[in-house]
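Multiple structures are listed underneath, in structure tokens.
After this come two complexes, each holding chain A, first together with chain B and then together with chain C.
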Partner chain A sequence: MTNTTHAEPRRTPTNWNDQAMQERIRGRYASERRFRLLGLFAVLLSAGFLAFLLVTMAANGARGFTQTEVRVEVDFAKSALFIDPAALEGFGADAALAGADIDGAVQTAVRAQYGESADGLLSDAAWLRVRDAILEDPALLNRSETFWLPARSGLDQAAKSDGSAADEQIYRQLDDQDSVRTGFNLGFLTGADATDPTVVGIWGAFKGSLFTMLVTLALAFPIGVLSAIYLEEYAPRNRWTDLIEVSINNLAAVPSIIFGLLGLAVFLNFMHLPRSAPLVGGITLALMTMPVIVIAGRNAIKSVPPSIRDAALGVGASRVQVVFHHVLPLALPGILTGTIIGMARALGETAPLLMIGMRAFIASPPGGFTEPATVLPVQIFLWSDEVSRGFVEKTSAAIIVLLAFLLAMNGLAIYLRNKFERRW
Partner chain B sequence: MTDMSDTGMSDIAAGQRVLNEAAPKMIARDVDVFYGDKKAIDNVSIDIALENVTAFIGPSGCGKSTFLRALNRMNDTIASARVTGKIELDGEDIYSSGMDVVQLRARVGMVFQKPNPFPKSIYENVAYGPRIHGLASGKADMDQIVEKSLKRAGLWEEVKDRLAESGTALSGGQQQRLCIARAIAVDPEVILMDEPCSALDPIATAKIEELIHELRGRYAIVIVTHNMQQAARVSQRTAFFHLGNLVEYGDTSEIFTNPRATRTKDYITGRYG
Partner chain C sequence: MSLAALALLILGLGLIAWVAARAKAMSFGSTGQARQHSLPNYHGWYVALWAVLPALFFLTIWSSVSGGLVTQTVLESPAAASLPAMEMQRDAILDEARRLAEGRIDAAFNPEAEALAPIYAEATSFYSLIGSSIALLLAFAAGAFAFTRLSPTFRARTRVERLVMASLLIASLIAILTTLGIVLSLLFESLRFFSMVSPVEFLFGLNWSPQMAIRADQAGSSGAFGAIPLFWGTIFIGAIIAMIVAIPLGLMSAIYLTQYASGRVRAWMKPALEMLAGVPTVVYGYFAALTVAPAIRDFAVTIGIPGASSESALAAGLVMGIMIIPFVSSMADDSIAAVPQAMRDGSLAMGATTSETIRRVLVPAALPGVVGGVLLAVSRAIGETMIVVMAAGLAANLTANPFQSVTTVTTQIVQLLTGDQEFDSAKTLAAFALGLVLFIITLLLNIVALRVVKKYREAYD
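Let's turn to the complex of A and B:
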């Protein structure tokens, strides 16, 4: 051993204080700093974009939640309106009111109050509020009553300092008389789609989304989780299961419009399920969400340590007991996270629903899974297409509702995940 | 089988050396285990005696763990694994179609290399086996089984005030004793231990070895170990595996003091392994 060391030239000891060495060390620290700054910049940039989006949405959308109303005093006793009070009892009420010229009575009242030129003050649908009031209390017909009725869209815009010069002037006049007010628009949260932006509501689309999501969840979650369990825990590894795995992975990447076409061809044309219904939308979206749940579920199941399976098998648990007592509870947080991500994607999906007719104009909230409905993103799409200025802020407001729905879902996911993780 | 002096027939002759007279609980005859095309265990025949500790020793990859897992059909979970030959428990072929594998694993319990308590409470860890087999007739009965099992595993005094705490919060040695308690809670006849101390420190190891001593009278215990001193300390019989063969099987005192096969001698004197 000693001979060989002598034969080789002695290695000079490393000089750590050497100029080049110091340079290298400095360079290393500099590149680390650069990298950290780059990362920070990326985070700040994305946070900036997010903030920009949220601020714009909030600024535009907040106005969508308010509504300008004009005070109108209607004296039913003096008006030409005649409705038989007896007809308002029972089922004939709607027909009786539809036949009466309430709109005309309201117009007359407006003219009497604000002059002959005041025809265009109210929204076209303003009289509906009067009708509802009468329906509620028929005794109104014998006296005079003050109503706050939705102003026409232009006036509403003017109230929010975004209208034409003429409208702003009218608004100022009315404001001086204390005849207008701008308040929270409850109708937006309780109503459905309409042609007039002043009376549109989001509730119809919200309910449609809710029904659609329920169908999606009820189908995609059990099927997806059971598929994941079977593929991970039971299926033999062979060419067929490989094929299935590749197919599922591909399915997760298929553009959503294709699923829409599939829904159109299979569920509507072949199975004759009702058009525009949350049921069909839900099934179509379930097809889209299922692969996501299967993939997330398989990963979650795969990450449960095999030693837990061994332990359970070792005390004599059957395969099903191993899965349901040990593997599934441990994998559940991961499965739930994957499910919510899939559901959130489905909630924001528009294209496949357009294909199965959920873009129709639906003026009343759906009452069930088979009734025509639309969903939030489609509603946003439809409103963004409207010409009237009043729809701009409604579109933003609808986006806020959609984002709130998404946030609530994600919040639920985080809550569930923490709850189940704490148990272990 | 060219090297007849060291393998094959001479080994089987060695395996048939007269052992202390205890009734065989498990009998294995001409057992081969394959992983796909690869033969991991080659023609092993062995008797596992009641009220004895049998140690399987041998270098890494010699197949001792594979053979151990064949004894309660844990190899079933590996898709490519295949077992031929005959393994009997009390004269009953465990690979016959009539054998219920769930019941078999309750009768032949297992303790693994790495402590693997369920991520549940200490109580639940022990109660799980009796619960799925319906061994307890009520809450009080279950409490009793849990207490008895933990006492037998020497863990009761340390955990009796915190049975509701998670089993994974215990120290490594305590976890392994919890796993032993879990195995004995279902009242098995044979306990298989796959290197139960390899992840533990010497003090925890000593406790487990002590526990094996105490459990010996009640169960047939088979322990796989890398540690020859451990095999010498805890076992009455020792089987030496090498390259999938059972090279030599006999009383532990005989194997360690007077090995017949050269390979055994080389291994226990530390020539390889």
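Let's turn to the complex of A and C:
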């Protein structure tokens, strides 16, 4: 050995202080720094996109929660409005009010107060608030009353210093007279869809989402948990089980719009279930959410150590008792975490619901599972199509509400995972 | 009696059956007979299930049949003889009569409906009476039958558990049924589409304008179904532009977070990146349409690119790429973490810097996993709907200019199926053919991706 090494010419030892070597090392360290900065840049850019998105939505949306109101004094006694107070008792009230020209009375009052040019001061739906007030207290009809009514969309924008010059001027005039105010828009949280951006609300869509999610949860959770138990604990290794596993894994990766096509072809055209109903939307989303729950459930059940099962079997439990008395309770936190994440995804889903007709204009909140409804994400989509400037802030405000719910659900899932997760 | 009340009543009967059977089983122990086979609870469940399940099963069937029976009775009544023979008018009147009978409307538009309403109400109450009495009788009879079978040696637990196992099996079969439902419904409607439009024209045609002529002499609406522009648009946005954004950002983020970042940075940035995946796609779509698209159009106009559209492929692709970042990054994260520590240590011991180790050792070793992740991300991107519906256009252009408008498969599906639908027109059925293509392609991508990932995992385990 030694002879052979000595026979070859001896390598000169690396001279680390050599100029060329120093430069090469510097170069390598510089490239190391560049690479590291590149990584940091990528992370910051990705996070920056998220921050930019959230800030854009928050900046646009915060204004959606406020609205501008104009003070209008309506003297019902002097107005041309004629409504028989007796008609306002009981069932005929709606018909009686629909027949009366409340809108005209309000317009007259506005003109009397702000001059002839003030026709376009109020939102088209402002008189509805007066109508509701009369309905609540028919005695109003005999006196004069001061109302704060929603301003026209353009004026509302002007109040938020984003309107046209003409609107800004009107707003300043009104502001000097102290007859305009901007406050929290309660109607946005309690109302339903409308054609006028100043009076739209998300309660209708929210209720639709709630009904849809209830159906989804009621179907996807039991089915998902039961299949997870079967596949993980009982299924024999054969072709059928493989088929079930393959279809569950594939279903988890199928684009959501395909589920919409399925819902349209099977539930609407074949089974003739009602269109636009939370029932159909819920079933469709349940088919989509189920694989997520199955996969999460299987992982949770798999992580329960076999010793638990052996011990239960050892003291004489049957195989069903082993699973339902011992394994399932221990796996439940993991299953719940997966379920909440799956439900959060279903809550934000839009495309399949468009397919089954949940994009209709629904002006009143749904009363049941089979009534036409829309859901929050679809409502956002519908509003985003509107050309009116006032809808931009409403869309962003609805997005803020949706994101808040998703954040809360994901936060709950993380909390559950941290609190109940067990390392065996 | 309403259906819900009846179901509640049956469930109540089940509860009574459970309590009674359990009490009976408890009494077995006190009589000093032979040791029981099952615990009292199982006897309770056995009887309760017998009392509830057959009755509920009957109710489900009855509720779907009884509507037809009621209509039949009403049609046979003498008052119905004067109804118009046209089915649509007749149905409208019947529907009105039904709503009148249920008290949902106060007055009918058709005088015939007014006359039919009492008959309707009568028939409804008659059939609901029959249905409820049969259901209740069934609940009683089945419960009593099960109750008489109870004895100390009766194997109640075995029977209850058999039912539990059956329900487990049925639940897991639903996944197969769903897959089957998707495949069959897509295939069935697509076959109807292909009987009108040749598959060759659909798959290789260059012209897409799905408006069918309403009148024969109408100009410019021959209805062309060449889907190549859609496929190109989908690939251009989902597989090219989005990936140019997502692959570098996702890969570098994963490398930085796993190799360089301190524990605290990772603990904050990793959930932040995952949040990108949790934002609903409709929010991304709105963001793309409201903020990104106008900015890109202005930019294109400033640098003088002709044909810049406010619904550019670039805007949709860019935002979709952002959405995809967490998918790429988490797959890359997993596969880099799966590279054995010995390989990294070996490289570092040879004097390589961290970045050299990553570039020369870790990434090549993790490459199959990364490729699998990218394929999954592509399949996700081409199936994505809302971003392209809101930010990409409807014009089926065959262009490589990212500032122009292109359209995608998913956009067209939404476009074709919203609005008025007639299920015998090629326009509506085309959506299902597009859906079938989308389904097959995403399925293939997923299978290939999983195979690549799996093969790679086996190499190191």
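Simple rule for what comes next: the second predicted complex is superposed on the first by the 364 of 424 C-alpha atoms of A that agree within 3 Å, B and C clash if a C-alpha of one lies under 4 Å from a C-alpha of the other, contacts with A are read in each partner's own complex, and residues count from 1 in each chain.
To be clear about the criterion, a residue touches a chain if its C-beta (ideal position, glycine included) is under 8 Å from a C-beta of that chain, and two chains touch if they have at least 3 such contacts.
Remember, predicted model here, so these are calculated numbers, not experimental data.
Visitor: Please determine, from the superposition on chain A, whether chain B and chain C clash or fit.
Guide: In the superposition, chain B and chain C stay clear of each other.
Visitor: Tell me which partner A:318 touches in the superposition: chain B (first), chain C (second), both or neither.
Guide: both
Visitor: Answer with first, second, both or neither: which of chain B and chain C does A:307 touch in the superposed model?
Guide: A:307: touches chain B, not chain C.
Visitor: Touching A:326, do we find chain B (first), chain C (second), both, or neither?
Guide: first
Visitor: So in the superposed three-chain picture, is A:416 touching just chain B, just chain C, both, or none of them (first/second/both/neither)?
Guide: Once the two structures are laid over each other on A, A:416 reaches no partner at all.
Visitor: Which partner does A:360 reach: the first (chain B), the second (chain C), both, or neither?
Guide: neither
Visitor: Between chain B (first) and chain C (second), which, if any, makes contact with A:45: first, second, both or neither?
Guide: second
Visitor: With both complexes superposed on chain A, which partner does A:236 reach: first (chain B), second (chain C), both or neither?
Guide: In the superposition, A:236 contacts chain B only.
Visitor: Mind telling me which of the two, chain B or chain C, contacts the most residues of chain A?
Guide: It is C that touches the greater number of chain A residues.
Visitor: Please provide the least distance in Å between a C-alpha atom of chain B and a C-alpha atom of chain C in the combined superposition.
Guide: 7
Visitor: After overlaying the two complexes on chain A, where does the chain B footprint on chain A coincide with the chain C footprint?
Guide: 318
Visitor: Give every residue of chain A touching chain B within the complex, in rising order.
Guide: That would be residues 236-237, 305, 307-318, 321, 325-326, 330, 424 of chain A.
Visitor: For chain B, which residues count as touching chain A in their complex?
Guide: 72, 74, 77, 79, 102-106, 109-112, 114, 116-120, 128-129, 132-133, 166, 179, 182-183, 185-186
Visitor: Under the definition above, what is the set of chain A residues touching chain C in their complex?
Guide: 28-29, 31-32, 35-36, 38-43, 45-47, 49-50, 53, 56-57, 60, 222-223, 226-227, 229-231, 234-235, 243-244, 247-251, 253-259, 261-262, 264-266, 269-270, 287, 290-291, 294, 318-320, 324, 344-345, 347-351, 354-355, 359, 377-378, 380-381, 384, 392, 395-396, 399, 402-403, 406, 410, 414
Visitor: Quick one: which bits of chain C touch chain A in the complex? Just the residue numbers, please.
Guide: My answer: residues 157, 161, 164-165, 167-169, 171-176, 178-179, 181-182, 185-186, 188-189, 248-253, 255-257, 259-261, 269, 271-273, 275-276, 278-287, 289-291, 322, 325, 329, 353-356, 358-359, 376, 379-380, 382-386, 389-390, 410, 413-414, 417-418, 423, 431-432, 435, 438-439, 442-443, 446, 450.
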